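There are two complexes below, and they share chain A, which is joined by chain B in the first and by chain C in the second.
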Partner chain A sequence: MKFRTFAAFVGPSVFMMIVFIALPLIFVFLQSFQVTQPIREMVEVETCTPGFLTQTCTVEVKSQPVLDENGNVQTETRWVGFESYANVLQMGRVWDAISSGAIAQIGNIDFWKALRFTLTFTLLTLPLVIGLGLAIALAVNNAARSIRGQVIFISLLPFIITPVIGALSIRWLFYGDGIVTAWLEMLFNTDISVAANGWAVEFLMMFYRVWHVAPFAFVIFYAGLQTVNQDTLESAIIDGASRWERLRYVIIPHLMPLIVFIALIHLMDAYRAFEEVVGFSSQAQRITLQWLTYDFLQPDDAGNRSISRASASAMLTMIGIVVILMPLLRKTWRDHRGGH
Partner chain B sequence: MTMRTLALAGTMALMGSASYAACAFENETEVKMLSAGFEAWKSVADAMSECGNVQAELDQEFRTKQPSAFAANPSLYHVGGVSNGTITPLLNDGTIRPLDDLVEKYGQNLAPNQLIRMNGQVMAIAMMVNTQHLMYRSDIFEELGLEVPTSYDEMLETAAKIREAGAVDYPIGATMMSGWNVAQEFVNMFQGHGGQFLGDDGMPTINTDAGVQALETMQALTEYMDPEFTISDSTYVQQQFQQGKIAMANLWASRGGAMDNEEESQVVGLVDAAAAPRAMEGGSPATTLWWDGIVIAQNITDEEADAAFRVVMEGMDTEMVQANNDDAIWLIAGYEPNRLAMGAIATATASPPPPSYPSTSEMGLLHTAFGNEIPAFLTGDRGAEETLTAIEEAYVTSAKEAGILD
Partner chain C sequence: MATPKALRQSVALRAGSAAFLTFWCLLAAFPLFWVLVMSFKSPVDAFDANPLAVIFGPRTLSDGNGLSIVDIVVGLAVLIYAVRFAFTGLPRMVRAFTSPGYIVAGWAIGAVGFAVVFVLLFFGLLPILLNVLNALVGPLGEPVLGLTTEHYKAVWVENEFYRNFLNSMLVTGGVVTVSLTVGTLAGYGLARSGSNLAFWILIAALVFRALPHSVLVAGYLPVFINSAEILSPILGENAPTLYGQPLAVIAVLVAINQPFTIWMLRSFFQSIPVELDEAARVDGCTHLQAFRLVIMPVMWPGVITTGLFSFLLGYNDFLVTSLLLDAQNQTMVPAIAGYFNRETTTTDQVEAIAAAVSITAPLFLLVMVFQRQIVSGLTAGAVKG
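Moving on to the complex of A and B:
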């Protein structure tokens, strides 16, 4: 292809990538080393607010931003180095916990609490998604041709449902007097409070993710299964290979690039888990790194938001994703080079 | 075809704006409002719309939208619905205008306690008060011969009796959802125990006896609550009441109307309200007073502000209150307090009275720190002292980032 043609095809996409991904990333990177604050002054304000029938007035000294002559808030931006990172990581409290021997207390510090859960979540759901996806793909591939369409449609449903709605529907099955909880209570004749138990909530969040993402793995694997070399399979049968041996030595090696692909996508997605926290209202029990960033960005009633800490937290999340992808990327790169 | 559709749309719009009925004047200027979405705001917005050319956006996420929408020039909305918590960013950024001259011109019907003054200037017009107070099942109390508790110690004793009698699933409900709700419970309880949030040097003074007692009272309450209290917000508690699962709760007055809503409540007429319990002897009821009301944007023309204020006065008139009496504890003339309003009135007129929720930047940061750190204590992952230390550290970090502390 001529370079000009190539450039014409790729150009728009490169432009979009720069505007919507590269530039924001650079801004977030810079912001994580900066703090922007309004210039504040302490003022004494008399505030009169209603009681019922009467009014109460209180005088209090409070800090207010200074407005310039156009009525805009004056701000100043300072470079603060790694201060925001330090504020997110809270290493001081981590060392305190370690030196006082209360290692479990690290789990109460937001970032480390989120990291612990995010890693468990990502690494435990990965094999389940791949395993379940492969199992469905094999089952559908071996199903009678006449019902295959219906089976594919039903298997894909969880993937089609909007993520938060999917999470909510599972929440409603289990939380409070949800149907499943009510059944379990009848069966075992006890009181079950799913949302009161951190580990139960954690399990539900993972269950939801596997339920939601396995169909994606299934579609990819099912497509891959159509390209398995039938001659190799037949010769394996003639050689007396069992069903399991055929899977282990013919089909899985053939699907390996797809398994790596699914693993890459899943690791990236699961490490950025967010909707589970919202759907299951798990903030008290379990939070994810992405939710932590969101929480820093949410303004409180007084309009304060921690943009610097949110930027630092976002950069840390990105670094985390790169680290977690490293082994797979290295493997792919080695295989790729070895192939030549 | 297109022309016809357009013409039709035009006619519809005309008809829409011609449908002013109970409004004293015909509004010609476009007026846009952004407010919260609970019942009282719906009633006010409907009454305002009768004047024509009014677009009201009722959105529970208003607090995240309002500061930037009002900072735009021209402002995206003319009228904002706020409370004493959410007025802070608008005051700080100077995006709302003083209303003294408008009040003088059109505010003849306003009661003096509706005028929210900052350093003498009227910055907002309040329409209702709200507070968390004790709601209880009068039928259960009567059946078991129980007195209405006036303190948290009595409330715990009463809860023990209700549990013993097995009258409901859980004797107590509370808005202890992680985040804003549980933070508000702590604010109530901490002030009720006589706590001061900040010292003279601006440093937090949360890790005190009042803090420990507040946390311990909250924990004692959770013993009598649905164990899933970490997802329990106002709507959750309201539904617990409506479905007859709880017997008492310190709940928002604005939720009172829902108890008597025959479409969703199984306890119509059985829920009564009393003053919020005290946390300590001789203290104020452990709650805060809130008001809801309107502000007018700074970045609009004076004509627009004029029209907006007149429309608001129509929306907040006696006629509206008489038609929607039970939606809120209105401050507007013509309001007849009903059975459920008695609790809020008893709370607000208690002696000493509970404080108003303070509208300061510091309070916003503290509230966030409470909401993030307290759940670990209530789920039993961390002790009281450690939690209070963590709150103070979290506050100092965010206050430094916001430029409030050096």
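Moving on to the complex of A and C:
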């Protein structure tokens, strides 16, 4: 294919990715070193209140925003270096906490709180998703052919459902007087308030994520199981391998590329977890890195969005993405070089 | 053929495997099933600690909203018949009444017509008919199962949820159409070119796929809010404010979706033999003609599968739409956040549940119709690399 034909085919897509993904990334990078604020000026204001004989007048210096001729607030954009990063990271408080020996204090700073939760969330759900997905795939592969279609249909539901709604549907089972909480209360004969307990909420968020992603892993493992080499399995049986050994030494090595694939996709997606915080309304207890950026972008009570801080936290989130992607990119590069 | 003795499984293993599968199916379906049941009950019943009270809804029943045995039997029969007709009679009719070139339009008209007839019959004619029947059959006509649709009425009519629904359809429809048009072209180009540039585009797309969406939105927001000012030197007075525009959100979602779309379509295009292009080229087609006349007709399964995933991305999105659209153009998923955040009374909560079920229903239909395509789409990416 000639270069010009190739460019004509790929052009629109590349254009969209440059305008709406690459350029915004550069903007965010620049914004994270800038601050845009309304220009304020100091004005002496004399306020007089009528008093006995003479008026009582006070003069105070007020800071007020400068308006342009249309009555809009004038803003200025300054380069501030790493100030926004410092605002997000709050290293001063971190060092204080470390030097005073109260490491738990770090958990009160939004960024570190979000980082702690996002990493725990990502790493703990990973083995659960792969394990559950593999178990379902093996069980379905073991089941009668006639029911496989229905089982796949039911399994796809948690995966296909809108993430916020999926999180909500689990929240409604537990929060307040939810039915499962009612059962647990009957079982243990105590009062349980799930929404008030940070660890319970954290557990529910992880439970939701595993429930949501395991079907994806299951479908891919199930497809992989169909291509297991039957001859190898038979020779393993002749060699006297038990069922467990066949799973361990024949089936799992065969599925290994798929396990790596699912692990990578899951790391990418769980690292940018966001919908769980919205669905479980957990912002008081547990937040994720992407939610932190989202929160900075939301207008506050005065209608201001802290764009610079959002950009700084977004760039910090990116570091993790690069770390996760590194092995994948290196492998793809090696395959590409080897392919030529 | 009998299973060889060595491969035969012990009873315990088979029972364990079946039990595990049952447990998983319950786990997968229960939250959704329970939410569906709750959405039809009065708030007191919906949040009852006794599961039987939630299912049978005694207080919903005493409020005068209930179904008799006759209602349930007739209603279920109509539902089952409708579903069976949708899978057997409808395809036959569509095939009989459309000429081969217009099969997609035929399906669209068939589906919409089926939906309209079903709604008219099920919600218009059936209640009137059942009222008469219930009066005739005596004890069988007494209501036994509490069920109310008041929350759905409150959500769709009083809270004007249909506006959000239309916005969702606009955004989702736009995302699917544009990303498929742009994506098929790129996917074809990438599948047929082995150049280094193609490789680097794919790698960049892979990196872009991993980006958190909030990072990108942080880049759009200041530009979109001030776009009237920024664009005015070029467009003059007519420069639009992009913030709050569904069209701008469509563009953003298409771009976010592009990396995934081109990877998936590329793998589908690679499964079509190159000889097919070459034959067309020998017969005198240009690349574009070969693509349009020869390759696209055999690509429909791949395009439908990719379209499904674009649909899911546009339909399920919360982050981008909630930040870039204002209240009057809001789509369904962010709009639901308004319900559970105010959550002052249990009535509000049940209304939120009804809204959630309304959002889920189209997805449920989607899995029913396109299960095979979704499974093939999920595996296409994984198995081929």
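Just so it is clear, the second predicted complex is superposed on the first by the 282 of 340 C-alpha atoms of A that agree within 3 Å, B and C clash if a C-alpha of one lies under 4 Å from a C-alpha of the other, contacts with A are read in each partner's own complex, and residues count from 1 in each chain.
Note that contacts are C-beta pairs under 8 Å (C-beta built on N, C-alpha and C of every residue); 3 or more make two chains touch, one makes a residue touch a chain.
Since this is a predicted model, take the numbers as computed values, not measurements.
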item	value
Partner chain in contact with A:Glu60 - chain B first, chain C second, else both or neither	first
Which superposed partner A:Phe216 touches (first chain B, second chain C, both, neither)	second
Chain B versus chain C as contact partner of A:Gly176, first or second or both or neither	both
More chain A residues in contact - chain B or chain C	C
Touched partner set for A:Val14, first chain B, second chain C, both or neither	second
Touching partner for A:Leu289 - first (chain B), second (chain C), both, neither	second
First (chain B), second (chain C), both or neither touched by A:Leu138	second
Which of chain B and chain C A:Val35 touches, first, second, both or neither	first
Chain B versus chain C as contact partner of A:Phe27, first or second or both or neither	second
First, second, both or neither for A:Gln298, with chain B first and chain C second	both
Set intersection of chain A contacts, chain C complex versus chain B complex	176, 281, 298
Chain A contact footprint on chain C (complex, rising order)	6-7, 9, 13-14, 17-18, 20-21, 24-25, 27-29, 31-32, 34-35, 38, 47, 49-51, 54, 182-183, 185-186, 188-190, 192-193, 195, 197-199, 201, 203-223, 251-252, 254-256, 258-259, 262, 287-288, 291, 312, 315-316, 318-319, 323, 333, 336-337, 340-341, 349, 352-353, 356, 359-360, 363-364, 366-368, 371, 374-375, 378-379, 382-383
Chain B to chain A touching residues, read off their complex	63-64, 67, 84-86, 88-89, 91-94, 112-120, 126, 129, 177-179, 182, 202, 226-231, 289, 291, 298, 329, 331, 344-345, 348-349, 353, 355-356, 358-365, 367-368, 372, 375-376, 378-379, 381-382, 386, 390, 393, 397-398, 401-404
Complex contact set, residues of chain A against chain B	35, 37-40, 45-58, 60, 62-65, 67, 71, 73, 84, 87, 90, 93, 105, 107-108, 110, 175-176, 193-196, 198, 281, 283-285, 295, 298-304, 306, 308-309
Residue ranges of chain A in contact with chain C within the complex	1, 3, 5-6, 8-10, 12-14, 16-17, 19-28, 31, 36, 132, 135-136, 138-140, 142-143, 149, 151-158, 160-166, 168-170, 172-173, 176-179, 182, 185-186, 211, 215-216, 219-220, 223-224, 237, 243, 258, 261-262, 268, 271-272, 274-275, 278, 281, 289-291, 293-294, 296-298, 305, 307, 310-311, 314-315, 317-318, 321, 324-325, 328-329, 332-333, 336
